[in-house]
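Shown below is the structure under consideration.
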C-alpha cells in the first residue's frame, strides 16, 4: 500500500483518488478492429475518444499511468462508468474482483512479477483494471507490462478468434494473460522451493530459517493475491451479459486459477515442512557436539582425579613409596579408561 | 467487557441496561437536511424531537453518551424501535451485526482506535449503533469520534450524493467511515509487524517472544471484531427495504471488509512464522555457545590429565628423571592438541 | 458420562433410562399463569397434572431430579411426548439439540457452572430439557439451579411480556437464562486466561505447562458444549409452529451464542500462544545458564592446564628454576584470561 | 486392508470379490416375524429362501461369513440386488455409506471393537452391510458379533415396535446397535486418554511419546471410520422410500453419530496437548540437570585453578614460604565460593 | 511441469501445444465393437478414421504419444472437439477435471505409478484424457499403461456389460482403472508409512527426518492429484447427457475417490505425528547423555578440588604432616562421593 489508508479516511466513498506512487504521465493507446480492419493510434485527451463506440468495431482503449486522476475521471465519465468503478480503477490496493455496473463489467486484478534481489525472491504487483462494455474494452494499468503486449501482437497478427470476437473475449484474453503471469511466478517460486529443499536434504544447516521464512512469506502473499481471482471469475461467469461463446473459456480460466492456488498451497506445505527439516538438522549437530564433549569429559574426569590424588603432598602416603605404585596407578587408569569406553559402547553411545 | 456478564444473568431479555463504563452526560445532535437546506441543532430532551420525521428531509440524530439509559429508552420508543434493538444499542459488548426490526434496520459495529502505550500497540473499541428508518438515521455512540465528523463535513459541504440520498446511503456512509478506521489500524499493525520482522531477520534475539505474542493477540482481537462486520453487511444487503441505489455501495464495502480480514490473516500468518524465526535464532546462538565450550574442553581435558600424571609424587617414576622427559611430555601434549584440532576440522566442527 | 455407554448397548432405542448419577427424589413444581393470575403449587404424582392444559393459562411444569424413571415416563406419556423425547430427557450425556415431535418442541441443553478447586477451574454441567407445546412448558433438570429461579421471579413480578406470552416465549426465556450462564463462565475463564497471560508476560517460568493445559482443556470442553446450542437454535427457528413474535428473540439469542463461541475461540487462541511464551522463557533461562557455564569453563580450562604443566615433577624443567618463571607464568595466565574475555566480548557473548 | 488393492486392479467394476481374510463357512440365519408370530431357522443354500418375501411378514436374513463369494452372489441375485451392491457387500475395505439401488437401500458400516494388547489399545473393525427392501432385511457380516444378538433378543422378546415395524425400522435398529458399539469404544479410549493425562499431570516423564502417539493414531482411525456414518445417515434420510415413522429415529441416530465424532475430536485435542505436556516436563528435568552441573562446575573451577596455581613447582614462589600463605589461600577460596553462591542467588539461579 | 509456464505466456488460449517431454511417435489403436462383434486395428493417420462413428458400434480410439501436435489436432477436429478440449488434452500439467463441450464430455486425469529409487518412494504421473461422445470414446495418453490393457482384455473377453454399454460406460471403466491405480499407490505408500512408524516406535533415531519429510511430500503430491478427481466426477454426474445406467457406477467411483483421499489424509496425519516421535526420541537420547555427563562431573569436581588443595606446595600446611591426614582426606572424598550419589538418588536423577 503506497498511500496510507489514513489519508483516505473520511473521504466520501466513490471518490476518485489514485493511491499508488507511480507518477507517470498518462498515455492512452487505442486499437480499433474487426475481422477485416485494424487501426492503432495514441491519443492525449479523453475527449478525442468520443464516438468510438458508435462503430461496429471493437475498441480497446488502454490507459497507462494512473496518476492523472482528472483525465481518467473524464474518460470514465465519457464511457458512463459508475463512480465506484472509477474509485476501484484508481485504488491500487484493491483486491482482485469482478463487478457489474449496468452493462459494464469491471474486473480488477494485480499483474505479478518476480525479481531476484541478491538471490532473494521479491514479488512485485501492478494494479490493473479491465472494463468490458458493448463494443469497448477499457484497460487501466500503472505501467506497461509484457503480458498485454502479447495480446496486442495476436490482434495485429489477425488471429481470427480475437479479431472477430466481442468485448467479452478480449477481456478474457487480457485476464488470461495476467493469470499466465501468475503461473510463471508460481513455477519460479516452486523452483526456488525445490532448490531449498534439495539443499536442506543434503545439508540441513546450509539453509537458514530466514531464507525459509522469506519464501513462505512470498508464497502467502502470492496466494492472497491469486485467491480472489477465482471469486472474480465466478462473479463474471454469473454475469447476465456474458457472451455464451466466452463461457467455456472462463471455465477454463477458473480451472487454471484453481490449479494455481493449489500449487501455491503445495509449495507452502513443502516450505512448512522445511523448518522441521532444518531444526532437526541443527539439533542433530548439537547432539553430536554434546556427545563428543560428554564422552571425552566422562572418560578423563576420573583419571584426572586419580592423578590429583597421587599428586597430594601428604607425608604419609604409603602407595607413593612402593616400587610398582606408579605402574599400578597407570594400570588402574588404563583399566578405568577402557572400562568407560566399554560402558559407552554398551549404552550404544559410541 | 466492562460490566460483568454475571450482573445481567436472570434479567429479562430485551432489558435496556448500559453495559459500558463511560459515564458521560448524553448529548443529542440533530442534522436535518435535503439537497437545498441544512439545519443543525443540539437538543437536550428526546421529547423535542417529536415530529422530525414528518418532513421530507432526512434527519440524522446522533446520540453521544449511553449512560443515561432512561432518555435513550425514551428516544428509542419515540421512534418505535423494538425492545431488543434498544438492548443491542446499550450493550457495549455486542458484536457487529445488522438486524431488521419492522421497517428499521439496526447496524451495530465497533469503532476501533490504535494507540501506543510505551511502544506496545493497544487496541481500543467503541460500541456504536446505526439505525436507519424511513426519513431518519439514528446513531448511538459512547464518545464522539473523528470518523463521523468527516461525514458531517461532507453534509455541510453539500456533497450532492449524501445530501440527496435517502437514509440507507447515510447509514452506509457512516459504516464506511468505521470500516475505514479498521483499514487504518490494520495498516498500522501491519507496519508494526513489518518492523518486527525486519528486526528479526536482522537479529533474531533482538525481539522477545512476548513482543510477538502481544502483536498476535492484537491481530486476533482485531479479526474477531472485523469478521462479523462482513456478516452484518450480508444481512443488510439481503434486506428488502434496501434502496437499490445503495446496493453497489454495500457490495463495495463488503469487498473492503473482506480485504481487511484477509490482510489481518496475512499479518497473523507472518507473526506465527516469527516465533519460529526467533526460536531458531536463539537456538543457533546456544549451539554456538555449546560448540565453543565443547572444543575448548575437549582439547584441554586430555592435556590436563597428562600434566596431572606427571605431577604425581610416586617415588618410582622413571620418566621424571630422564633428560628429555619434560620435552617429550610437551611434545606429546602439543601433538595431542594439534591432533584434536585436526579431528574437529575433519568432523566439520571448526 | 456417569453411566457407561456399555450399559446401554443393545437396549432398544427410545428406552427411558436415566444415565446420570444423582439419586434425588423427583419434585414437580407447577406454575400456571396468564396476565391476570398466577398459581404455584408442588405436586407429587404426575397423575394430579391431568387437565392442566385444558385452561387458557400457560402451565410451566418443572421436574427436578431425573432418577425416578417411572414417574417421568408417566408424566411424559400424560402430555403425549414421543418415546425418543423421553429418552433424550433422561440421557444426561445428550448434546444440546432441538427437535420437533409433532406439535411439541424439545430443546436439550447443559447448564454450566464454574467452580474453583484449589485455584484450578473446574467445569460442571447439568443436563436440562425444555419441552414447549400448546399451553404448556415442561422442564426437566437434575438439580435446581439459580438461572431459572430468576425467570420464576420475573413471572411472579408480573413482567408483562413473559406473563402474556405463549409457551415459545417462556421456553426462549429459559434457554436464554442457560446461555447467560455460559456467558458468565466464559467471562470467568477469560479472566483466568488473562491472569495467566499477565503472569507469563511478567515471568514465563512462574506458569507451568500443566496450568496452561488444564485451562485449554476447560475451554475445549466448554466450546464442545456451547457449539451445538447454535445448531439447536437454528433448528428451533426453522420450526413451523414457532410464534412469530418470538422469532427476533431467537435471532438475538443465536447471536449471543455465536459471540460466546467466538470468545471461547479467542481465549483458546490466547492459551495456545501461552505455551510458546512459557517454552521460550524456559529456553532463555537455560541459555543463560549454559552461557555462564561456558564462559567460566572456557576461561579457566587453559589456565588450569598451565598450572598443571608447571606442577609436573620432571627433574629437568628449566623454567621452574628461573628467577621470574613464576611471575612470567602468572602474567601469561592473566593475559590468557583477559584475551579470553576480549574474545567473548568480540563474539557478542559477554 | 487384507487383500492388496493391486489384486483387484483391472477387474471389471461390480465384480463380486471378497477382499477380507476370514475364511469361515457361510451361515445363513433367517428370522421371519410379525407382531404375532416369529420363526427362526438356519438354511444352507440361498435357494431355500425363495418365496420368503411373498408373505406379509418381515424376513431378516443374516449372512455370516463372506468368503463363499458364489453363494452370496446367488443370494443377492435371488433378491434382485444391483451388481454394485454385491461388490460393496464383499469389499471389506468399503467405508460406511448408504446407497439406494431401485427399491433397496444398502447401508455399509464397520462394527468396531477395542481390545487391549499388553495395555495398548487396539481397534478391530468388521465390515457389515444392511440391505433394506420391501418385506426384507438382509445383513452381511464376516463374523457374528454381540451387537445384533441384542436386537435378536428384542425381537424374540416381542418388543412391539420392532415386531410391528417395517424393514426400515429393523435396519435402523441394526445400525443403531453398531453406533452404540462406537460409543462404547469412544468412552473406553476416552478413559485411556484421561488416565494418560492424569499420569502426565502427575509426572510428565512417566508417559512416553510413543504411548501418546499410539492413542492419537487410534483416535484418528476411529474418527475416519465414524465420520462417514453421518454421511450415510444423511443419504438414508433423503431416501424417498423411507418410512415416515422411522425418520425421527434416524434424526436421533445422526445426532448420536455427530456427538460421537465431537467426542473423538475432543479427545484428539486433549492428546495433541499431551505431547506439549510431556515435552515441557522432559525439558524441565533437563534444565534442572544442566542447572546442577553449571552451579557445581562454575563454583569449583576457579578454586581448582587456585590449587593448581600453588601446586606449581617454581623455585621462586614467595607466597609458598610465608607463614600464613596456606590460610590466606584457603580464605580466598572460601570467599570465592561464597561469592559465587551469592552471585547465583542474585541471578535467581539458586 | 516439463515445459516452462513461461514458454506459453502470451500464447492465445486454446492453442494446441504439447507441454510434456516424451517425444514418442503417435500410435492410434482402434477397437470397434458391440455385443456381437469386435474389430481391432491400428491406424497411422487420423484421416483413415473417417466414418467410424456412422455405425451402431462403439469405437474406442486410443492415441498413445502426444508429441505430434499436428495429427492430434487433425484427429480432434475430425471428431469436432472444441479448441479448448484439444488444449487440455495436450497440456500435461492439467489437473483432473471433467468438462462438457457440446455433446462431448472431456475427462482429464493423471495416471499414477509408484517406483522405488534406492528405497525412497518416487511418484510418477502420466497425463491422460478421455473424451466420450455419441458412439465414440477417444483416449489420449503419453505412454501406454497397464491399467487400460485390463479394460481391453475385458472387451476382448466379451464381458457383457462393457460390450453392450454405451460410450459413458466405457469412459467410466477407463477412469475406474485409473482410480484403481491410485488405490494401489495409496496402499503402497501406506505400507511405507507403517514400516516407518514401526521402526520409529522401535528406535526413534533409526529414522531420519528427511525420510519422514519425503514421505510427507509424496502424500501431499498424491493428495493434490487425487482431490480434483472427485470434482471431475461431480461435474460428470451433473452432465445432462449422462446415461442413467451409468449413474450408480459413477456414484460408486466417487465413493472410492473420497475414500482414497481420506486414506491419504490418515497417512498424512500419521506422518505428521512421526516428526514428534523422532524428535522426542532424539531428545531423550540427548537428555541421557547430558545426564551422564552431569553426574560424573558433579561427583568428581569437588574431589578433584580436594586433591588439588593438598597438592599445593605451601611450606606451612599442617594437615600434610599429620599421620592420618592422607586417610582422613581419602575418607572425606569417599564420603563426599557417596553423599553426592545419595543426593542424586534423592533428586530422582539416578
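We just call them A, B, C, D and E in the order they show up, numbering each chain from 1.
Keep in mind that, in the parts below, a contact is a pair of C-beta atoms (placed from the backbone, for glycine too) under 8 Å apart; a residue touches a chain by one contact, two chains touch by 3 or more.
Small disclaimer: the values here were computed from a predicted structure and weren't measured.
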- For chain D and chain E, let me know how many angstrom lie between their CA-based centres, rounded off. 25
- Message: At least two partner chains per residue is the criterion; list those residues in chain E.
- Response: 286, 290, 293, 297, 301, 304, 308, 311-313, 317
- Classify the inter-chain contact topology: is it line, ring, star, complete, or other? ring
- Item | Circular arrangement of chains, read from chain D onward through chain E | D, E, A, B, C
- Query: In the complex formed with chain B, which residues of chain C make contact?
  - Reply: 146-147, 149-151, 153-154, 159, 161-162, 172-173, 176-177, 180-181, 183-184, 186-187, 200-201, 248-249, 251-253, 255, 258-259, 262, 266, 269-270, 273, 276-277, 280-281, 283-284, 286-287, 290-291, 293-294, 297-298, 301-302, 304-305, 308-309, 311-317, 347, 349
- Considering the complex alone, what residue numbers of chain B touch chain C? 1, 4-6, 8-14, 82, 84, 87-88, 93-95, 97, 99, 101, 208-210, 213-214, 216-217, 220-221, 224, 227-228, 275, 278-279, 282, 285-286, 288-290, 292-293, 296-297, 300-301, 303-304, 307-308, 310-313, 317, 319-326, 329
